[in-house]
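Note that chain A is present in both complexes that follow, paired respectively with chain B and with chain C.
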Partner chain A sequence: MNRIFQWIDERTGLSGPVRDFLNYPVPKYVHRNFLYTLGGMTLISFLIQVVTGILLAFYYDPSTEGAYNSVDYISYQLPLGWLVRGLHHYGSSAMVILVSLHMLRTYYFSAYKKPRELNWLTGVLLFFLVLSFGFTGYLLPWDQKGYWATKVGTEIAGSVPLIGGFLLRIMRGGANLGQATLTRFYAGHILLLPASVAVLIVAHIFQLRFHGMAPAITEKAKAQSKTFVPFFPHWAITDTAVGLGLLALLVFMTWANHAPLEFPADPTSNSYVPRPEWYFLFYFQLLKYFPGVLEPIATIVIPLFLFGSMVLLPFIDTGEERRPWHKPITTLVSIFYIIVIVVFTILAMAAYA
Partner chain B sequence: MAAPKLPPLPAGKGVWDDHAISRRGFLEAILGVLAAIGALLVAVPGVRFLIGNSLESSATKWVELGKVADLPTAAVTQVNYSTRATDAWREVTQRGTVYVSSADGGATFTALDGTCTHLGCIVQWNEGEGNFICPCHSGRFTRAGEVISGPPPHRMRQLAVKVQNGTLLAEI
Partner chain C sequence: MKRLLLVETLAITLAFVVAACGAPAAAPQGGGAAPAAKPNTLTAVKVDATTLDAAAPYWAQAPKLDVATVGAAPGKPDGPTVSIQAAYDGQYIVIRSEWADATNSLKDDTWTWDGKAFTQEGEQDFIGFIWPIGNNATFASKGCAATCHNTNADQEKWWMGSDSADVRYDGWFWMAARTNSVGYADDISWSVLSDPNDMGSPRVDDAVDSGGPVENTNGDKNNPAPIFMSGKDLKSPILLDADKVAFDAAKAKLATGDTVPGFVLSKPVGSLGDVEASGKWESGKWVVVQRRLLNTTHPDDGVLIPSKPTPFGFAVADASGNLDHKIAKDVLTLEWK
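Up next is the complex of A and B:
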């Protein structure tokens, strides 16, 4: 076995970089702290999406006439189709939750501060790409939910002043929601987005390795910051164990409640109330408060402000202080946003119930 | 601009070709220009390809809404039309919803596109209140399609209509 490894190493020179990667020293305060597994869990949930997505692509038919039937076939006739589609369905929600929690952890630990600004920025981009995955993904079954949520979603882009009409047509591939839209969303969902996310994940992990973990913020953690364990196997086993737990949870959720598939898309339906995935509900609720001419506030001003403030955060909050309980402004702002998102989501759920 | 100095090669590896190195700055500039040309050669047609025919205005067409004699003259009638249409590269049955009404007992008809001008849901006719209501964000329109309340930014789209051989047609 050793001779085989040696033979490969002589021809690839990989053993050095691989050993460096595996032996990477992880501070003791990070090891076995659940909050530090969130990034790894997000990566694992992405890998689950990649594997289940590749499997689904073997059966999915990206045409307006065949998409619904192919998803129906996957869900109800294909051996283990319910499982693969269910894992993909619940996995997407898991990814949104995990990437959000990972960002919150980074935020509260001030891990975006110098010299990790670019790591925060790649993370912000990854967050929006994850949401784009959700948006492009739920059109694909071409059921009522996907059709109407996409119709409304592209209309929102269409209401942006000046460039709205252009955006809407670029997203739809024409004036109407149809075959060109489905093909576009499919290509984006299975090629463009995964490739972009993969590149950014590599950049994100490279920067993490370059800068190391952000400084500890509690006295207890600081006391352990000079003691290290190797990434492999000590840290990797934590991620693997929690990752298996995540997979088990997704399997259980799928088994208990198969991924939904609504009736086929019907453009003449006047009683169907479009309802986006739960993680976009707060935004749909927000739209209700900006009628008529005020609508661009909800469609462009607020999203741009949120994106801009996320991007600028590490350049605005440049102080040395990292403890959230000593940083009332950033802490209160985040709590305000969390409350708004939770309350709006509940209000939207109540309205749709 | 002088090119940055190269680090020495590892001992025993050999030496940099000083003659070639002296032209390094020039070569870097040429490389930059060539790379930019290459990137533009890929990007410009690539973007044009992606935009494709998205921005082309689709031709209007007349669709049949029903026999004039069969359309109620006092009420607002929901008509779901279906017509063969080209959707990108695919021949499909295009379906849509139009609300037909008459203000003069059937002499002339008004056809309103059932699409809410807010975010594109299909509105419902509320006979009791005599107005249209959108199930998505509760936008309301009068029988004539004017906005009463809610988020719609402008009135419902009124379609051109004509009667041909006793059949009412609307231009979609």
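Up next is the complex of A and C:
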């Protein structure tokens, strides 16, 4: 075995970089803290999505005539197809939750501050790409839920002043939802988004390794911050153990409640009530408060403000203080947003129930 | 690390145990009120073995879906509320239907002697279920309305079926006289209007190897008459194939108003007889149980897959024939528990 590795190393020179990667020193307090596994968990959930997505692609038919039947076949007839699709379905929600928690930890630990601004920005982009995965993914079964949620979603984009019509046609591939829309969403979901996410993850990890872990914020962690252990096996094993827990949880959720598949899309239906995935519910609820001429406030002003404030955060909050309990403004702002999102989500769920 | 793995293992084991304990329990013995159903949703409960017994203990566990029916044709009064329940085992699904009907209508093109000649008349009670064969977006969102072609001003030209040979429907038609007497429901299918002059042409009986109803007529256009009568009970509205003897006016001794069944009945062998059925009319109420393999493997049948929600519709009629049948207004969905 050694001779094989040696043969490969002589030709690739990989052993050095791999050794450096595995031996990367991490502060001892990190690998025993669950909060520091959130990034790794997000990566693992992405890998689960990639593997299950590839398996699904072997059977998925990206045509308006065949998409539903192929997903139906995967869900109800293909051996273990229910499991693969369930892992993909619940994995997408796990990814949204994990990337959100990872961002919140970064936010509350002020890990976006100099010199880690670019790492924060790649994280913000990754967050929106993960949401884009969700948006493009749920059209693919071509069922009622995906069809009508996409219709509403693209109409929201279409209501943006000046460029709305252009955005709508770009997303749909025409005026109406059809084969062009499905092709675009499929290409985006399996090519553009994974490639973009992969590139940004590499950049994200490179930045992390370049700058090292952000300074600790608690006294206990600070006391341990001078003691280092190699990434492998310490942190890697922690991530693997928690990752296996995540996989087991997803398997359990799939087993207990198979991924839903609604009836096939009927564009002529006049009784279906469109509703998005749970992580977009708060936004649908928000839209209700801005009817008619006020709609652009919800479709353009608020999203731009949120995105802009996330992008500008490391350039606005430039102080030395990193402890959230000593930073009431940023802490209270985040708590306000969390409450709004939770309350709006509950209201929307109650309305759809 | 060991502690983390231990906690993780325990949590996973506990979760699966809790979920397994929450799985549907075996139906209790004895009666009791059936649980309420979700709106427009028929939830089939898993049982060890299905039967045609309308009083089987597991019906106490099966949610009862009450469906108000409306007249399919304009101007016709609403129909009865039909209570439906469903159960399934590894092989079969069984559906129990119950509705009020003041009369037990068993006439089915029955011959009536007017003292000089025979005339044919009479309609029977029926309940018919309709299922899409394969995935069908329009039926799933619009229900039976997707099959109903009723825009022609002439109601005689209305028909039921699909607009494409690729779109087919599976029907389980239980009829009080023609099928119930021999323990099955007609297994039929609908497709396109193959003959523009025959509004019944989309409706096709499933394949049959032998048996099935046979019209009891000599086929004479000028003076049609029955060719068989019962050798056991001349007054019976039902004529079983096993009981038939050649019609003999002398032996029949018919008085004005006496009747002879319009069909000779035997249970079909083949896809037409896929749906077993047992119906009983008592105290102004029909209780009908229909049972079929989840997958008959016949190409003219829909496949039911436990865990896969399936849209369906039904119609019920009180001695009124096809033009005045009562239907469920909304799309119904079969779910599995």
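The rule is short, and it goes like this: the second predicted complex is superposed on the first by the 353 of 353 C-alpha atoms of A that agree within 3 Å, B and C clash if a C-alpha of one lies under 4 Å from a C-alpha of the other, contacts with A are read in each partner's own complex, and residues count from 1 in each chain.
Keep in mind that, in the parts below, contacts are C-beta pairs under 8 Å (C-beta built on N, C-alpha and C of every residue); 3 or more make two chains touch, one makes a residue touch a chain.
What you see is a predicted model, and the numbers here were worked out from it, not measured in a lab.
Visitor: Does the superposition put A:176 against chain B (first), chain C (second), both, or neither?
Guide: Touch partner of A:176: chain B, not chain C.
Visitor: Check whether A:6 is in contact with chain B, with chain C, with both or with neither, and answer first, second, both or neither.
Guide: neither
Visitor: Between chain B and chain C, pick out the one touching the greater number of residues of chain A.
Guide: Per-residue touch count on chain A favours B.
Visitor: Name the contact category of A:68: first (chain B only), second (chain C only), both, or neither.
Guide: A:68: touches chain C, not chain B.
Visitor: Looking at A:237 after the superposition, I want to know if it touches chain B, chain C, both of them or none. Which is it: first, second, both, neither?
Guide: After superposing on A, A:237 lies in contact with chain C but is clear of chain B.
Visitor: Is A:152 touching anything from chain B or chain C once the two structures are fitted on A? First, second, both or neither.
Guide: First partner only.
Visitor: In the superposed arrangement, which partner chain does A:269 touch: chain B (first), chain C (second), both, or neither?
Guide: Both partners, chain B and chain C.
Visitor: Now for A:23: first (chain B), second (chain C), both, or neither, which partner does it touch?
Guide: neither
Visitor: Quick one: is A:255 in contact with chain B, with chain C, with both, or with neither? Answer first, second, both or neither.
Guide: Touch status of A:255: second partner only.
Visitor: Is there a shared patch on chain A that both chain B and chain C touch, and which residues make it up?
Guide: Residues 266, 268-269, 271-272, which sit in both footprints.
Visitor: Give the list of chain B residues in touch with chain A in this complex.
Guide: Touch residues, chain B against chain A: 50-58, 78, 80, 87-90, 92, 94-97, 114, 118-124, 135-137, 147, 150-153.
Visitor: Applying the document's contact rule, which stretches of chain C touch chain A when the two form their complex?
Guide: 1, 4-5, 8, 11-12, 15-16, 19, 134-138, 140-142, 305, 307-309, 311
Visitor: Inside the complex, what are the residues of chain A that reach chain C?
Guide: Touch list, chain A to chain C: 68-69, 72, 75-77, 82, 144, 237-238, 241-242, 244-245, 248-249, 252, 255-256, 258, 261, 263-266, 268-269, 271-272.
Visitor: Inside the complex, what are the residues of chain A that reach chain B?
Guide: Touch residues, chain A against chain B: 63-65, 148, 151-152, 155-156, 159, 166, 169-170, 172-176, 178-180, 183, 266-274, 287-288, 290-293, 295.
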